[in-house]
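Presented below are the structures under discussion, each in the form of structure tokens.
Each of the two complexes below includes chain A, the first together with chain B, the second together with chain C.
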Partner chain A sequence: MSTPGKPLYRSDKLLYYALLPFAAVVIAAFILLFAVLGYVSAPAIKKYGVRLLTTSQWAPNEANPARSVYGLLAPLFGTLVSSTIAVLLALPVTISVVLVIEEYAPERWREIIGSIIEVMAGLPTIVYGLWGLEVLAPLLQKHIYSPLHQLLGFIPLFSCRPVTGFNLATAGVLLAIMILPYMVAVARDAYRAIPFTYKEAALAIGATRYEYAKIMLGLAKPGIVAAALLGFGRAAGETVAVALVVGNVPLVSGCLFKPAYTISSLIANQFSMAPLYPYMMSVLFTGGLILLAIGMAANTVAVIMIARARKRLG
Partner chain B sequence: MADPRIIKEKVFLVTIFVLTAVGVLPVFHVLAEVLVKGSEAIARHGIGILTSTSNGILASLVGSAILSILASLLGIPLAILAGLFVAEFSDTKIAKITRVVSQSLLEVPTVLLGMLVYIIMVVPMGGFSLLAGAVALALVMLPYVMVHVEQAIESVPPMYREAGYSIGMTRAEVLIGVAAGIARRGIATGVLMGFAKAMGETAPLLFTIGAARTTLPCSRPLPLANVLDPGDAVPLMIFQYAQMPQRLYHDMAWAGSLVLVLAFLIVFIAIRLLVKEVKM
Partner chain C sequence: METNTARGDNEALTRLRGIGIVGEASLKMLLLILMGLVVLDIVIQGVCCIYAHRGAGASQAQQSPRVVLSGSGSTFIYPEMKVWITRFEKENPSISIIYNPTGSGTGQSQLLKEKVVDFACSDPPLSHEQYEKYKGQVLQMPVIIGAVAIVYKIPGYNGPLNLSAKVIAEIYLGKIKYWDDPEIARLNPGAKLPHAVIKVIHRSDASGTTEVFTFFLHKAAPSLWPASLVGKAIEWPVDSTGRGLGAKGNQGVAEYFKRLGSAIAYVELGYALENKFPIAAIRNAAGRFVKPSPETMQAAVASALRSGVLPDSPLADWSNALNAIVYAPGEKAYPIVSFSFMMTWARYPAPKAAALKKFIEYINTVGQSEIVEGYAPIPQGLREINLKALSIIKGG
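Up next, the complex of A and B:
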């Protein structure tokens, strides 16, 4: 809160220099993360190059490490597809929850729903994972996947028999549940930023509640897009819960009922073996670098969208 | 015939209420399952499932306690001081960069922080340790606490600061004595949220603490030095036991989940109470 352009007083300078190192540590940790990921990834990128992204083979070669083949195609595919499913499922629910909390629920219920959403956000992810493994996956397999396969098996997405509940679809559903509270928080902030005069104007022209909501959602659109992007980033980075339900098989398939892999679950499962094989660690760090890139890209675009929304609504 | 606009409105309202119910129902199912399966596990194996290191999760509970406290000791002071810097010198370039960095850290997948600590601590130190896990967890909680500290300090009305300056207080005195004092509940909320986060995280511990769960981390004479030993944590135990075929391991995972969820709910209620008092 110092006035720009004015030099600091001596005692104020002291405070500045006393606190500066702590901020510097935060920045240093961030730079270190990029540097370490980049440094450890370099050998794999140099050796395999673009082949890392074009093959799904995961074949460590003990006798001749130089002939090991590692591909990240299937895990990258799994990460992108499961996160996309999660966002597609969570987005309509997010919009509904925001409208209910902000407009249509009775006063007392708003606070209750808000608290429930906060519990959802804070619950340890491993608890979702255990629930997904023991409860959600068998439930979905029996009551959703099997009927879908029987009725709509001609659609490629549902064309394979759901042998177990551990597949891309379950990962997507579990991730949708997990990212919902984050998306609600971001979308709700955007919705609240709509100036009251717009709401009055919409009501004054006699809009029904449906028409009113349509106008308001139009105004909050950049914030809702930001919520979807941040939700996607979260879903892509989620590790242990997904590792428990995705099946952990490096497959690229158009069918959602096939087991799959994600980059983060690959890291979780293979890391402990990686020091034994040259290049494997490096490949896993390349996967980490890709995750970091996805997270940072989602974050950057979301921040720009939110800033744009703020500007537009004044 | 009813007005189609009114019909549309009715369909719309029903849809959003149904979708909201669908959105919040899973968390009740999760909580109910944890409560039922966790209590069943304890009833089946006795209290020993919590208090023993063989066929029990004592080592994980002790490890989690040490990790949460140690991570808080490392992460919270750093987060508060860095947060104060960002809020107080918000128009300087470094503060702006720090703010962007802390917001970006929120979006970094936590598993990457575990990989970072593996390279910068586990490999050089020659082995897994609770300290390495605590450093990874401190990095996880850092941005959460920082964001809350920044918001709390920035929401202090300027007239309180001006009052401080007018009686000749220096900037440091105003920041620590006045602003931080007024914002203390907001800061405490951030601290508790960070603590809850550290308690429940799994991914940063995968490659850092070593999952030593048959012995307690107390092989060394001095209590503090034990943080250099490998250890276990409840979330990591759940992750690994959930993948085992035997019933006993699944029971231990559910019992651990019950403890974890109860601990989280206690912290959550504490946060709610703090926030409520601020409003009054």
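Up next, the complex of A and C:
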């Protein structure tokens, strides 16, 4: 390996030029993705403008395509809310899991928990979806939502009667379970990256287990925040599983027990028939563009946080 | 890691030597022989491949040329199409047909715009504008009758249920909320219906099933269900009450329906039968309550055919066909029926035209007696109209 700035040897140069096209493919694919999304969504953005983001009507009109009305507000709302619920639920679990496997659990348990989480990460999303449909939604409706509504019905979030288990809350819970493995993986890496000297120092000054954990979590905080952001990005993009439990109804409501929509489930639902309606495809691509923007924003912030944490810890 | 594996290899070697199987010199020999075998194998395989290819080419040239027809579109017709294709290919081994259930919309655009398939199947016919655009070039043949079943699940009640367009419309508008609503009770004298909330399931994806269903509601109860609520994808008024649920595809609707204790939904008849869901009897134009069956479905189309509201050629404008068969007159007619259309061009290269004509002829003759459960064959009059395609489609 040559250090940057130093002239390359001939064989190094050859290797560099041989690898260059492959690296370029990745960048080209990304730019192309952006370009295509932008190009295809342009007609919808031109026609509907900001209304795409401020209304949630979804009324395609076949006889008179120009009079079709599309709004992405409800799906956008659903995506943001369900992903937020997911992160809020998964974050405390992530922190506990990381602490347990890194500090408390005996070696064997650590391995068992670790491999369970790896299996969870590898499961196809449709499996989560079917499980959510079959088990989670009815379970939550009966044992969580109904009591919550009866006891805490005065809080707007729980104010509506949970008619079915297929709603925004279920989507959030299912997403929390799905993003947990990723969040644990990222947070665990951050935790492990804390230099050993810090741990020694903390123990040397006689910190209790609780104080020690607090110090360590403080040091790993940027990594944990990054885990949350990456989890958010993943949750926002999740499609199949969410489409099965979210109820697929374009509603914007302050109550979590009402069915809702997410951008990705909207795309999954509408894509196959979209060619029949002149603007629908374009609107769906706009949804894709928004998803990409959300994902990129979350990832960028996460990457910056991780980099900053590395710098600080040296 | 690397040093580990290297050490492992060495260990294995030492062990082999220890057993006395491998000596220092014979090891090299062994390797040489192995490499020689590999090279020999590659050579033999290469030669074989070349010969095999030549052989295949020669034998193919001797047989009659194989024609491949590709189609895509309606998922609704797919189960029937599978049966037709399997039996047709058995009788005509030189023709092979591929059908890809991509959805009616995609099917239409793959046939007309992208021109990547030879035929398409679509539940809705070409819209009037589309028809004008392709007038004289595209043929449309209704090849099968489908029905939309209204399925219900009422806690503590297993009896039959009568419904009218008015009541169904009010349920989907969110106005009727409980099963013991006086309007439902009036249609079902004697039935003990409980005071249970009705959960209302509809399709979340754009769907021909939704179009047929909403079209029926509008035609039979226009004052309640306005024309603006007719289409493949509409804004469901019941959704704003929080009792509405959207699901993708008939399968998705069936999945939701199974898991709810008190619900109403509309699905293609085939799904209702397959899942053994209770099916409601619907009041038809003659005021009778009728359940969907091959007889009642065919009765609807036959009555439309008799009254002369259906076109009489594959080249005609079929965009109004739904209006003709939904809520059609006739005591036996089931009111929520639909067609699935086969669409083709009028001109093809000669071999393809011949193959396609054979397939169309098969579908409209023998094929009509091989109908899968949940569909109904088209009446004789309609078969004759479809068979006009044989003289319209030209090859070359």
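We adopt the following convention: the second predicted complex is superposed on the first by the 310 of 314 C-alpha atoms of A that agree within 3 Å, B and C clash if a C-alpha of one lies under 4 Å from a C-alpha of the other, contacts with A are read in each partner's own complex, and residues count from 1 in each chain.
The rule we apply is simple: a contact is a pair of C-beta atoms (placed from the backbone, for glycine too) under 8 Å apart; a residue touches a chain by one contact, two chains touch by 3 or more.
These numbers come from a predicted model, not from an experiment.
Chemist: Tell me the contact category for A:V36 with respect to chain B and chain C: first, second, both or neither.
Modeler: first
Chemist: Let me test your reading of the model: by the given contact rule, A:E238 touches which partner, first (chain B), second (chain C), both or neither?
Modeler: first
Chemist: Classify the contacts of A:I205 with the two partner chains as first (chain B alone), second (chain C alone), both, or neither.
Modeler: A:I205 sits against neither chain B nor chain C.
Chemist: Which partner does A:F166 contact after superposing on A: first (chain B), second (chain C), both, neither?
Modeler: Only chain C is touched by A:F166; chain B is not.
Chemist: On the A-aligned overlay, A:D12 touches which partner chain: chain B = first, chain C = second, or both, or neither?
Modeler: Touch status of A:D12: first partner only.
Chemist: Figure out whether A:L20 sits in contact with chain B (first) or chain C (second), or with both, or with neither.
Modeler: first
Chemist: Just chain B (first), just chain C (second), both, or neither: which does A:A293 touch?
Modeler: neither
Chemist: Tell me the contact category for A:L133 with respect to chain B and chain C: first, second, both or neither.
Modeler: Touch partners of A:L133: chain B and chain C.
Chemist: With the two structures laid over each other on chain A, which partner does A:L151 touch: chain B (first), chain C (second), both, or neither?
Modeler: neither
Chemist: By residue count, is chain A touched more by chain B or by chain C?
Modeler: B
Chemist: Across the two complexes, find the residues of chain A that touch chain B and also touch chain C.
Modeler: The overlap between the chain B and chain C interfaces on chain A comprises residues 133-134, 243-244, 268, 272.
Chemist: Can you check the complex and tell me which residues of chain B touch chain A?
Modeler: Per the stated touch rule, the residues are 5-6, 8-9, 11-13, 15-17, 19-20, 22-24, 26-27, 29-30, 33-34, 37, 78, 81-82, 84-92, 94-95, 97-98, 101-113, 115-116, 118-120, 139, 142, 146, 158, 161, 170-172, 175, 193, 196-197, 199-203, 206-207, 235, 238-239, 242-243, 250, 253-254, 257, 260-261, 264-265, 268, 272.
Chemist: Which bits of chain A are touching chain C when the two form their complex?
Modeler: 57-63, 133-134, 137-138, 160-161, 163-166, 243-244, 247-251, 253, 255, 257-259, 261, 268-270, 272-277, 280
Chemist: Considering only the defined contacts, which chain C positions touch chain A in the complex?
Modeler: 102-106, 108-109, 127, 197, 199, 204-207, 228, 231-236, 239-240, 242-248, 252, 255-256, 259-260
Chemist: Any idea which chain A residues touch chain B in the complex?
Modeler: 1-4, 9, 11-12, 14-16, 18-20, 22-27, 29-30, 32-33, 36-37, 40, 90, 92-97, 99-100, 104, 113, 115-120, 122-131, 133-135, 177, 180, 208-211, 213, 230, 233-234, 236-240, 243-244, 264, 267-268, 271-272, 284-285, 288, 291-292, 295-296, 298-299, 303
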